[in-house]
């Protein structure tokens, strides 16, 4: 319990750092970029929007840095992320809201699949040390995990999208023919469009899970309690899962937390290549259209999501390991 | 205390002598690389790239930026990879781009690893509040998603020239290595040969620089490789999405121009695929070397000979006897 | 003792298959264990005693391999059997107790769950019977059965070790192999554990093979003693015989290395030098470089185990100084 609270505290602290970074970065850059942005959109914005932007970026204001900071924090904490400039007059929160489910679905499902499949392959690979499976799988995935995400995405687009025409290579759904709704055709369309991006994400991220699980399994298999389980004449399958894997997966879950940052990078790049209407694609569009409020809002969202996922993984690890569970 | 069987302390049967000085460590690493097949392949590939970066004019006969040729030529002996939309020779672009990529890789790799060594080892040895504060900084940076952060930084900077990219990536990517080095330094703190140095009266700094750091050589080298790999991936990704300097000759910027001109869709797939493939090959070289290092550092992971049991499926064959 | 020995090891050799070449960690070891007998195996670290134990129990893993010899148990040669074939014998007839219970017990399962795994692996036993038997064995070693619900890290070191012994007795096997189960404990706990083991042995009649480096401790409990050095058996015989008249110079050195509490105060005599690197054993007798009585013949001839009075000794030199031909 105390452990969970400490971790929560750490995450809140990190969140605060992220907010502070968001605040200071534009102010630290030579020639406040916000100025350029504001002049670009000048005349299109309502005075209220202009005012909010001034607070966000510290432009044209005579207030001290400190009061700007607190004003900023107050604004963020009341859920006001400002108005999007490229999608004016929509607020940043509503713009983000439209994209968030696309990414959630894509990344969520692909990551869970990759983790489950990768962990299983890692277990089997370690169990069958020295077999053909084990001599092929690790080196293959070592190389695959070094391949840039966008390249895998591009290759998939080229082969399966443009050449073979098996799957669409752009977008989240056929914008011209379908409209979002709870109907089967729409779902089918969505899945069709999500297939290649998900495959790209799966291929590039699964390597990490396989390799780390395999390595932790190998170390675990050398433990005395595994030898003891053999001595007791337990069936192989039970030893593999109940004794070895259950222990090996614990450090793996922590590794999962570390890798989330990379999953996020992958998702951004893959969405970019596929023009998939998710949060990552939106971030890059915000960058190119200099829509800084939107960009900041997305950065915060991504950070919160990653922190939350790490917290969940931490809690899971603590729950699975009786050594941390019981108060000492 | 139980009486030992012999009155004289016995030697540990398997030689567990601590890794000695840097020179020996590098020598051993060199030998290990030669013996391990994966490492050799990786080293050879890396070597080829380094040569290309140093002497691009030997291989490519055209200037990378000169748009002297007709556009969209296919593969031919004159243009090994064809020309792009602007009439530039793609092969030349990629060859000359190697230099930028490797500069980024090695500079960031060295700088990041250097910072990580400093922070990780200092934290382990200074302990107390120093360690705690360094830990907090490290952990925060570990958890904040780096690529989005880099995007935000590069966006504010209106696109980064190579030095900016190097600086930004270095400042954000050292935390994982710092953590690894710190835990290894912590376990080393209590090893006997360090106790001996302490008893000899050596100052702490001496111990750290002369005894501890050389012992961590293999981890430091492995970290350098990892950091170099991620530097290449991050930098080329940033260039790809347009946050690099589009006028630099580099693999990532080539990709950017390809994407900008919808190369995949307009029948110039090589423009997009080739630079990515090169990044993949370079990445594979780093990864192979690293994989081999894992095996070198942790003997339990080394390839295992199959036992000659008659028709048996030995349970968990990866165990050590 | 017994009519038929419960365990008969003949010519057992174990090699470590390494890139640099094979290293023989156990060289041509033979011994028998009678029904209900307590055999102690002593030796320095690295002499091969643990490897020998694992070889007997068929628990070796790569790169270690049985290179030669047989292990006759229950009428079968255990060497070369698959894990599947061995499972019939494992735990029912032969069980193992390891050195560190903290490492030998699965940290994420309760003690009770681990007992249950062992019992389930050998036939469908109803839950109620499993619970009853588990409680019974715990009580035999003096642990409250409520700890069946505990995790290994929640028990003290001594309790963990005793619960391992309890687990080993689930099926009251014919033979229990123990690998230095007392080494991780303090002196008092050691003694009480040994006493408990001996009591259980007398009550249930199982044989024990007990490996340790602590000669003084084992000598109070073992019936026979086997001294190992550099992978070979150097001396084997009844405990009392060996203690009263140690014949091998190594055994003599060992016995002189610890003081007697009641005897006169004499300076401690150690054995100079250290055990040989098994990859490069000395020619002739392996103990020769450290032996105070070595003669030329010792460098030429690698001695066999010669019967001398009631023991077997690996030395060419008799007590009176004459040499075995």
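Letters A, B and C mark the chains in the order given here, with residues in each chain numbered from 1 onward.
Throughout what follows, a residue touches a chain if its C-beta (ideal position, glycine included) is under 8 Å from a C-beta of that chain, and two chains touch if they have at least 3 such contacts.
What you see is a predicted model, and the numbers here were worked out from it, not measured in a lab.
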Counting C-beta pairs in contact, does A-C beat A-B or the other way around?
A-B
Taking each chain's centre as the mean of its Cα atoms, which chain lies farthest from chain C?
A
Distance between chain B and chain C based on Cα centroids, please, to the nearest Å.
48
For chain A and chain C, let me know how many angstrom lie between their CA-based centres, rounded off.
54
Whole-Å separation of chain centres (CA-atom averages), chain A against chain B:
23
Of all the residues in chain C, which ones touch at least 2 other chains?
54, 61-62, 83
In chain A, the residues touching two or more other chains are 130, 222, 227, 230, 236
Touching two or more other chains in chain B are residues 304-306, 313, 315-320
In their shared complex, chain C is touched by residues of chain A numbered 130, 222-225, 227-236, 238, 242-243, 246-247, 320-323, 326
Residues of chain B defined as touching chain A within the complex:
38, 136, 139-140, 142-149, 151-153, 155-158, 176, 229, 233-234, 236-237, 240-243, 255, 259, 264-265, 269, 272-273, 276-277, 279-280, 283-284, 286-288, 290-291, 294, 298, 300-301, 303-306, 313, 315-320
Mind pulling up the chain A residues that touch chain B in the complex?
10-11, 13-14, 17-18, 21-22, 25-26, 29, 33, 126-130, 135, 138-139, 142-143, 145-151, 154-155, 157-158, 162, 215, 217-219, 221-222, 226-227, 230, 236, 239-240, 244, 257-258, 260-262, 264-265, 268-269, 272-273, 283-284, 287-288, 290, 292, 295-296, 298-299, 302-303, 306-307, 310
Touching residues (chain side chain C, partner chain A) in the complex:
54, 57, 59, 61-62, 83, 86-92, 95-96, 98-100, 103-109, 117-118, 121-122, 151, 153-154, 167
